[in-house]
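Each chain gets a letter, A, B, C and D, in the order it is written, and its residues are counted from 1.
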Amino acid sequence: MKGSLPKMKVIVDLCVVPMGVGVSVRKYVTECQKVLQEAGLHHQLHAYGTNIEGEWDDVFAAVKQCHERVHAMGAPRITTSIKVGTRTDREQSMQDKIDSVARK
Amino acid sequence: MKGSLPKMKVIVDLCVVPMGVGVSVRKYVTECQKVLQEAGLHHQLHAYGTNIEGEWDDVFAAVKQCHERVHAMGAPRITTSIKVGTRTDREQSMQDKIDSVARK
Amino acid sequence: MKGSLPKMKVIVDLCVVPMGVGVSVRKYVTECQKVLQEAGLHHQLHAYGTNIEGEWDDVFAAVKQCHERVHAMGAPRITTSIKVGTRTDREQSMQDKIDSVARK
Amino acid sequence: MKGSLPKMKVIVDLCVVPMGVGVSVRKYVTECQKVLQEAGLHHQLHAYGTNIEGEWDDVFAAVKQCHERVHAMGAPRITTSIKVGTRTDREQSMQDKIDSVARK
């Protein structure tokens, strides 16, 4: 497509919620961490999701694989929340975002 | 790819927020509606986002194109919220979800 | 409280997800609709949540009551996603937001 | 107790996005961190939001104050994303959630 950026860097916040598998979802979250590691994506777990940075296509391929794996583990239903940040004015890493506030 | 579902139907809720373009974001939201229409995806605008249903790859290709177009229109930064629902137990459309509650 | 706005109108998008109750969450969503109705809040269900408008305190009291009721119905765990919009430049209703895009 | 829990502990993920103030929102995020500190709430900044834990009313009073302060700083419009977790089966802190996955 003309006009599309060949590469688009993205910072994502991902929270995958398997439904119909009981109250503890730890093993599914752990599996998603493995997906991100295998994908070689820089990521950081926090108490309500995981920050990920990388190229758009790589990050969203991993998100899709999280759904596939969690279904394959037996979860019949998944609801996921994603925040997606892109910018064209400058490069910014996850650490930059934290540092810029912490410095103040 | 072994282990991946050949097709995965998804219901998505999408809210694209352009930053650094002033307080009114109407024209960017309108452009995203156009992207969804051009992609032939079933979608429904509401007061805080847009519901979309379709195959995973088609829906996320459209989401990526929303970011590309909104940047191309001059927005230097975008933060987007996405909810993603998949299920393997049964088919469910956006309208089914609304009907199942409304019937009660 | 000094410095606080006496009233702050808010448009909210609410998606309550009970966990540990099986795959169907319809009855819990229906109960939340009842909470909003009883609270007299203008609201509109869509396929991935409910738009609500009202004063900040009224809306968030209702959101809290949704959690209380869904727990009282037996759900041991709830994860909820909320989007919250406020603006000081002008009044805007949920319908205004939809109309401004649809008009284009 | 009529229906409502006297106390309800909550883990929240908060992401406040001021609109109409240009591309950099650092000073507004920093102000929200100050609100959380002044409120005495346990919180942890990450690259796409802030995790907060505390009693429901205390946490949401702080969220409201974030909106009030960010408007008072000049932002005419704010869109905020919140995830809210409550559970009645057991106590769980933000650190517990991270540890349970990291241990695996």
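Criterion: a residue touches a chain if its C-beta (ideal position, glycine included) is under 8 Å from a C-beta of that chain, and two chains touch if they have at least 3 such contacts.
Remember, predicted model here, so these are calculated numbers, not experimental data.
With chains reduced to the mean position of their C-alpha atoms, the one farthest from chain B is D. Both chain B and chain C derive from one sequence, and where they touch, over half of the residue numbers involved are common to the two copies.
In this assembly, the C-alpha centroid of chain B lies 26 Å from the C-alpha centroid of chain D. If you average the CA atoms of chain A and of chain D, the two centres end up 20 Å from each other.
Averaging Cα coordinates per chain places chain A and chain B 17 Å apart. In chain A, the positions touching at least two other chains are 20, 23, 76-77, 79, 81, 83, 85, 87, 89.
Interface residues of chain C, counted against chain A in their complex, comprise 17, 19-20, 22-23, 25, 76-77, 79, 81.
Of all residues in chain C, only 3-5, 8, 20, 56-57, 60, 63-65, 67-69, 71-72, 76-89 touch chain D in the complex they form. Interface residues of chain D, counted against chain A in their complex, comprise 11-13, 15, 23, 26-27, 29-30, 33, 44-49, 51, 53, 81, 83, 85, 87, 89, 94-95, 97-98, 100-102, 104.
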